[in-house]
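I have a structure I would like to understand better, so I am pasting it below and will then ask my questions one at a time.
Order of writing sets the labels: A, B and C. Residues in every chain begin at 1.
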Amino acid sequence: MHDISFDHLDADGAIAEAAERAGVVSRATFLGGALGGSLTLLGVAGERAIAQAPGPSDVAILNYALTLEYLQAAFYTEAQRMKALRGRAAEAADVVGAVERAHVAAFRDVLGSKAASRPSFDFQGTTEDQNAFLKTAVAFEDLAVAAYKGQATRIKASSALAAALSIHSVEARHAAWMRYLFGVQPATRAFDEPQSKQQITRVVNSTGFITNTPSTQGSRTPRYTG
Amino acid sequence: MDSETRTRAVAPPGQLAVPERSRRSDFVKRGIVAGGAALAGAAIAGAPRLTDAAQLSQPDLRALNLLLLVEYTEGAFYAEALRQGNLTGAVLEYAQVVADQEKQHLDAIRSTLGGRAEARPQFDFGDKTSSPGAFATAAGDLEDLAVAAYNGQGTNVTADVLAAAGKIVSVEARHAAWIRSIVDQPPAPEATDTPQSADEVLDGLRQAGMRT
Amino acid sequence: MTGGRTRRAGVVLALAGGALGFLAVLLWPAPELAPRVGGLPASPDPALDVPAPAPLERDPHLAMWSVVERPASALSAPGRGRRVGRLRTRTPEGTDNLVLVRRRARDARGRVWVEARLPVLPNGTVGWVPRDALGGYRLVRTHLVVNLRRFTATLERDGQPVFRARVGVGLPRWPTPRGRFYIRNKLVRYRSTFYGPLAFGTSARSAALTDWPDSGFVGVHGTGRPELIPGRISHGCIRMRNRDIARLGRLMPVGTPVTIR
């Protein structure tokens, strides 16, 4: 298995910087959440600061959201191409995939040159089998809901918050839909809990779905037959 | 390594680990048990921890009162539907679970507002609860309205209220997609959920059956 | 006249008063209709402009490839049959080994196998590899078509030609193999005028040069002898002028399927 790259979840380097300040040497270790409170970079207290355009901290949050949208869009798109789904699951993959691709386009558009680049993925068979697909889709959508929810109070620009809220509830619809298709209860509690970026990162890390780009280019002298 | 271990399910943090496929009749048991536990310790377990009512800003108070009206309406709607007894099967299961969750929402908001809570309005749902089909349509519309109401107020409230409301709005969205899935309508046709203003929400609540 | 004007003014005032009163009833809701929710601003314009969701287009020109993540045997059928090849994780050039993937199937135990085009002899071999021996799927939209009789190489993208060049191909005793292959790697910034500025490795093997160093893979590369092109000039490789290979280097990603006729 390739090493996992987290650059995409930490586009402005804020977490890495905090890790270095805390004396953690390698990138790999900061993801264990060992830094705790020092990573609460943006407490929003009392009144919300109204900003007109996304500032640097909002850019980091938007890039984090973009990475999760890349993950979801790639998952559904690959599932459609694998043609392993039938019936309502196939229809759901089509509809939700189109929405996640639209989300990706929107984030890339607003971030411009600051947009995180698209990671490489290995979905390890979860797009090639209906049962595995549904199980993974449920997890992804529940994850996305918790991720957006975990960032809402950290967003500074009200325009960015409005956008995030309008997507967060759509992800919740997706979660309920996939749960219904999988055969489990779409809403199990009255209150959904947020998860922090560290927690979400840890979960995404554990899947192994984000991989390094393959190394297909070299500079040795060729020994092809000539 | 066989493909079973490869297709690792991601356990979403903070949620129940994605359970193995269960029969639909387990929905109700699982949901009601979870709901009951939350009700028993509403101030501790499930209910969002909000700030003291005295620390709420004016927009917080107004927004919470608007959302209170939404929750009053949902609560009354589900109660009426269950009382009439026309629902069966998956639609009945839905109504039972969701009625319980909406009650928890109402309690959380009302307890935050304390003495500043608006009085419960009157309701007349007409024939919206007279048949499973009518109920399902009205429920989907009402849940959509709730999502739009919460999203519309998210930018008006302070951080603590936003955090609490955030835990509720996604559940309303789940409700909307759930009932639509049951009756074979598109559960999530749009890429974004458009927020509605307070006035639009009040109009929507009146159309849904709120009187006064 | 004054009297008339006064009467008209009086009528206007009365009408205005009546209109105001009427408006007052409309705009000033009765207390029971005015919950304490007034004065809440509407949402700001969202920072994101989300386009309408668009369905995935049907795309007959897509090919998929995958890195070999762990050594594996490729079998003639999913989970059974004879071994048709052994896959390593690296190529002789030091890059990740990769295979073109075609379709998938489950074996009797429910394990997923993938049918892949393999870089083994005999040329054109396909075999079934376990899904978990491979990495993520990567897409390409391009296709390189080499015509040995006409000495041309054409790159298509989404089915449309975007590049064409004249080529030199294998001498009769070291023919360029015909069949379906794929681009396996790309070498750049080496020092060799023989191969030109860049070289692609394919999955095709020379059937004649069985003891060539590094297994005798057929390449697509530049040349120090452009005057020989077109013609049957090589040990099996497909050679093109250096400016052509440089352009192809910008247009053709690794993983591109190659058809040699």
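The working rule: contacts are C-beta pairs under 8 Å (C-beta built on N, C-alpha and C of every residue); 3 or more make two chains touch, one makes a residue touch a chain.
Remember, predicted model here, so these are calculated numbers, not experimental data.
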item: Contacts common to chain A and chain B (chain labels); value: C
item: Remotest chain, chain B as reference, centres from CA atoms; value: C
item: Per-chain CA centroid nearest to the all-protein CA mean; value: A
item: Chain pair bearing the highest count of C-beta contacts; value: A-B
item: Between chain B and chain A, distance of the C-alpha-averaged centres to the nearest whole Å; value: 25
item: Distance from chain C to chain A - Cα centre to Cα centre, in angstrom; value: 22
item: Between chain C and chain B, distance of the C-alpha-averaged centres to the nearest whole Å; value: 42
item: Residue numbers of chain C (touch at least two other chains); value: 43-44, 46, 48, 50-53, 112, 131-132
item: Sequence positions of chain A contacting 2 or more other chains; value: 95, 99, 102-103, 106, 124-125, 129, 158, 162-163, 166-167
item: Chain B, residues touching no fewer than two other chains; value: 3, 6, 151, 154-155, 191-192, 195
item: Chain A residues touching chain C - in the complex, by the definition given at the top; value: 1-2, 53-54, 62, 77-78, 80-82, 84, 94-95, 97-99, 101-103, 105-107, 109-110, 120-125, 128-129, 157-160, 162-163, 166-167, 211, 214-226
item: Contacting residues of chain B [partner chain A, same complex]; value: 3, 6-16, 18-19, 21-24, 26-27, 30-31, 34-35, 38, 46-48, 57, 97-98, 100-102, 104-105, 108, 147, 150-151, 154-155, 158-159, 162-163, 166-178, 181-182, 186-195
item: Of all residues in chain B, those that touch chain C in their complex; value: 1-4, 6, 58-59, 61-63, 65-66, 69, 118, 151-156, 191-192, 195, 197-198, 202, 212
item: Residues of chain C defined as touching chain A within the complex; value: 43-56, 62, 64, 67, 69, 92-96, 98, 104, 112, 131-132, 135-139, 170, 174, 184-192, 194-195, 199, 201, 206, 209, 212-214, 216-219, 221, 234-237, 254-255
item: Touching residues on chain A, where the partner in the complex is chain B; value: 44-48, 95-96, 99, 102-103, 106, 124-126, 129, 131-132, 135-136, 138-140, 142-143, 145-146, 149, 152-153, 158, 161-163, 165-177, 180-195, 199-200, 202-204, 206-208
